[in-house]
Amino acid sequence: MKIAGQVSLEDLPRIAPLLSRATNPEYSGRQTRVVEVRGVRFGEDRPVVVAGPCAVETHEQTVGIAQAVREAGGDMLRGGAYKPRTSPHDFQGTGLEGLCILSVAREVTGLPVVTEVMDPRLVREVAKYADMLQVGSRNMQNYPLLAEVGRAHKPVLLKRGMAASLCEWLGAAEYIAKQGNLDIVLCERGIKAFPSGEYARYVLDLSVIPAVQALTFLPVIVDPSHATGVAAMVEPASRAALEFGCDGLIIEIADFRKGPPRCDAAQAIDANTLARIVRFARARAEELQEQVTVA
Amino acid sequence: MKIAGQVSLEDLPRIAPLLSRATNPEYSGRQTRVVEVRGVRFGEDRPVVVAGPCAVETHEQTVGIAQAVREAGGDMLRGGAYKPRTSPHDFQGTGLEGLCILSVAREVTGLPVVTEVMDPRLVREVAKYADMLQVGSRNMQNYPLLAEVGRAHKPVLLKRGMAASLCEWLGAAEYIAKQGNLDIVLCERGIKAFPSGEYARYVLDLSVIPAVQALTFLPVIVDPSHATGVAAMVEPASRAALEFGCDGLIIEIADFRKGPPRCDAAQAIDANTLARIVRFARARAEELQEQVTVA
Amino acid sequence: MKIAGQVSLEDLPRIAPLLSRATNPEYSGRQTRVVEVRGVRFGEDRPVVVAGPCAVETHEQTVGIAQAVREAGGDMLRGGAYKPRTSPHDFQGTGLEGLCILSVAREVTGLPVVTEVMDPRLVREVAKYADMLQVGSRNMQNYPLLAEVGRAHKPVLLKRGMAASLCEWLGAAEYIAKQGNLDIVLCERGIKAFPSGEYARYVLDLSVIPAVQALTFLPVIVDPSHATGVAAMVEPASRAALEFGCDGLIIEIADFRKGPPRCDAAQAIDANTLARIVRFARARAEELQEQVTVA
Amino acid sequence: MKIAGQVSLEDLPRIAPLLSRATNPEYSGRQTRVVEVRGVRFGEDRPVVVAGPCAVETHEQTVGIAQAVREAGGDMLRGGAYKPRTSPHDFQGTGLEGLCILSVAREVTGLPVVTEVMDPRLVREVAKYADMLQVGSRNMQNYPLLAEVGRAHKPVLLKRGMAASLCEWLGAAEYIAKQGNLDIVLCERGIKAFPSGEYARYVLDLSVIPAVQALTFLPVIVDPSHATGVAAMVEPASRAALEFGCDGLIIEIADFRKGPPRCDAAQAIDANTLARIVRFARARAEELQEQVTVA
């Protein structure tokens, strides 16, 4: 019995010809395309560490955390101004005010900023403030948004949908690429499977990293905060992701001295833990560099 | 270890207070809210059968199928003008032209029309042509779209996301309701699980129907075409869904004498099969009616 | 990158040559092999209804329920003497005593008996009492058990493992067949997927029924009790399974006047509900018979 | 609607009182029980590396690989004499002959041996040759086997079932413990989820490691070979598992100069890669040791 809608990775050259290694001879080896965000370079030997609050709540909170990120050695600031929440009655983010706060935090710290955009009508506005536009898991197959983001002349962080096959994920990235924007960084953030919710939020799927790298030239990073949903798992998940060769991490942190954050408090780590992760990422990169030099 | 972001059905009165039975005493029994679409009533004893092509391709194809739907006893016409496809290089639908064709088909047959909208900027335009707006699985958590659709003064068909818990699904519906629009019909269309793709496209999850009915007053229908992806399974899946008490079906049909359709040919049935399904739905409703009369 | 251990349904003629339609020309059409259990015939037009308690607890309980099954029109008695339980500290069944009780119940009612065997060392003993040997989901790939059961000269009921692909399931059945025993009835009983536990116990996967029927000649029945875990869903699930063309049902019932059963009380239905399911199954079979006669 | 059979980690003290930290005050901290296998100690600071062929095929192959394991720094030898295979027509292992070969390999190399037993009737026989008994994923809930293994006076390696919740896994371990044998090592080996088979064999679920460690005092190791099914992923998966704090690894290797192995060739690594993994495991342990000493 024939089944409709079946695609497999063998179809990738047809589904994502702009992004597939097979159809881009200049990327036929192991080379990764470097995606630059105001001087921060994804896809080189040194993994990029993005960190910040789940949601931008206040000026003080965000600037404080941004400074902590810089002090911990982080490369970029994350923070949600528009928050996709399961219920419309939950805190939806601070919106435009949040964007302003993020640009102040960038001013103060020098860290480039990535923030999520959910509405194609807001892409231009968000792009004025952000250095990199994030498309979240829930919107991975929101094709009008992907096209709009593709036209915004900004690098894009595309999170994997929680039930997305690799084929579907790269097909989604191709919507951005088709607008002439190849500055895309992919982000694995955990998938839904039967254990979700028993001892972790999602199931972190690290095997997708080498598969991404074999099939496309885009950099791929990992979000250990959403994947696990458990603060105590963020550091091991970060290290594990780096062992799998990811090009960076995006991590939620909080300043617990100021009280718990308004979203996802249970998955936020503190700045000290972030600093350890950054040191690990740096040491790991040097170690790999030495191996390459020796070989 | 605490896990971030955990919600369960016990949280529903907080997540979806406008749609939860528990917080709406007028729906505290088993009563379903009737959602009316130009005379077609979802949520009454008689299940609604929506049918039509996957994609609106040509005037001739769509009008021909619409007439076949009417002759088979169908209540409403479905047809995609804007098609969400895994690859941007695949046929994306006929867009505005498709909407025009749909309104001609309605003119000719008298069948109300439901069609998918993916872009919040197009909601008003699509609403001019459609009698009911469909939000597809990929956009179930596209909250700006849900809000815009909620403001369009049209009934909405909200498909379940392929990895959506019931809690998340009803939370998504609440985004529509929050705009003052309670005319929402839910649609189960198969979930992603390990067998997806082995012998069927998704896993049809019929148990969600009585759960929906226990927790909210919204009507719920089933899409057997996408759930199975196999033409030969559409009729048994339709009958099975009706046995589970669903309020209707949405089915893809094609006129194979004109050659295969451009999308999802393997899951399209012909008009004769549709007619059998409609007869079954009618007989089933009468049988239930008699049981109620006797009791 | 090559992946170890990948099999697909295209490999079935190699994996299960004794059971595959493709390698058994005498079953190349739609014909099902009839598996007879003391006069009860699985695989003919009339679906077989097996019912009984989850666990055999006492003589009175089991004989009482067996009589209720016969009065409700059921064909066979089920009842667990050896119960696989998540914890070794939970009630493990009444063992040999339970087997004796089952054979008394058969004596009293004339209903053939199916009961689970988990231990290859007990197969002969259980086969003395049971008319049909059940291999449960947890043991679907317990190959020494399958081989022993295959040698017992009794029909076998093989439940699908909760994460088993169709390929793996038929491969497991082939272990029984390889011992010279083709009297195998397959049983779908719900799979594990992300929604398991939110509103139902497992996800009932009805699409596997036509797939089984297309690929092998073995009869296939459905266990709506374990698949849903919710008493109120057992009747709709039974009807839905029959619409999908299954060859029978296996259902848990209880006599609630005597207090709740010791296992899985929430999924047990009463005898009246069973009687309605049996009537539906009979009416459905006659309806199909008439269609065949007319055509 | 109440759902039958629901258990959660909160029920663990009841499900697995012998193994739960909550019910064993002597393990109320972070301490792990040390499981010793002929001098090799699971659960101490130094992760144990078990390696060997998928299946014991010949004397030459197994002894050769065992020597390579020892030279690479491995601690223990694995090798299947009885192989659970999807089809009964596939190579089933060399059985008793394989056990003899394994004991020769132990003689030659001094490495303790772990091998799978599937049949409760063979537990004593296998225990004569093996230093540690492995219960495989397919038999995780084969309770008579677990009980028999629990009585064998040998340490046990209990692999996680491919659809097992943590609760079910620890419940299964409790069957062994109930026989008076607490010398149990748990092994995560990948779960079934929607991406299984797209780019990896299963989904490696590392988050279960800290959850195991929080809830029970048993050591837990990881099988990167089965979890990924891709040779090129075995090294990163091993490192990732060590970053998550696992107590060891069990890895399949082959000597490709002698031709491909008869099972699972695509997931076997060579001895050089194994040596790198062992060096990493040793360095990682020392690093942790230093941190503890400093702190």
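Letters A, B, C and D name the chains as they come in the text, with residue numbers starting at 1 for each one.
Assume a residue touches a chain if its C-beta (ideal position, glycine included) is under 8 Å from a C-beta of that chain, and two chains touch if they have at least 3 such contacts.
The structure displayed is predicted, hence computed values, not measured ones.
Q: Over half of the interface residue numbers used by both chain C and chain D, so same, or under half, so different?
A: Chain C and chain D contact each other through largely matching residue numbers.
Q: Using just the Cα atoms, superpose chain B onto chain D and tell me the rotation angle to the nearest 5°.
A: 180
Q: Just give me the whole-number Å value for how far the CA centre of chain B lies from that of chain D.
A: Between these chains, centre-to-centre, one finds 47 Å.
Q: I'd like to verify one number: the distance from the centre of chain A to the centre of chain D, where each centre is the average of its C-alpha atoms, in whole angstrom.
A: About 33 Å, centre to centre.
Q: Where does chain A touch two or more other chains at once, residue-wise?
A: Correct list: 1, 163, 167, 191-194, 199-200, 210-211, 230, 232-233.
Q: Could you please specify the touching residues of chain C with respect to chain A in the complex?
A: It comes out as residues 1, 192-194, 196, 210-211, 214.
Q: So in the complex, the part of chain D that touches chain C is made up of which residues?
A: 1-7, 14-17, 84-89, 118-122, 138-139, 141-145, 147, 161-163, 167-168, 171, 174-175, 178, 191-192, 197, 199-201, 226, 229-230, 232-233, 264-267
Q: Residue numbers of chain A touching chain D in their complex, please.
A: Within the complex, chain A touches chain D at residues 8-9, 163, 165-167, 191, 193-195, 198-200, 203-211, 227-228, 230, 232-233, 236-237, 239-241, 243-245.
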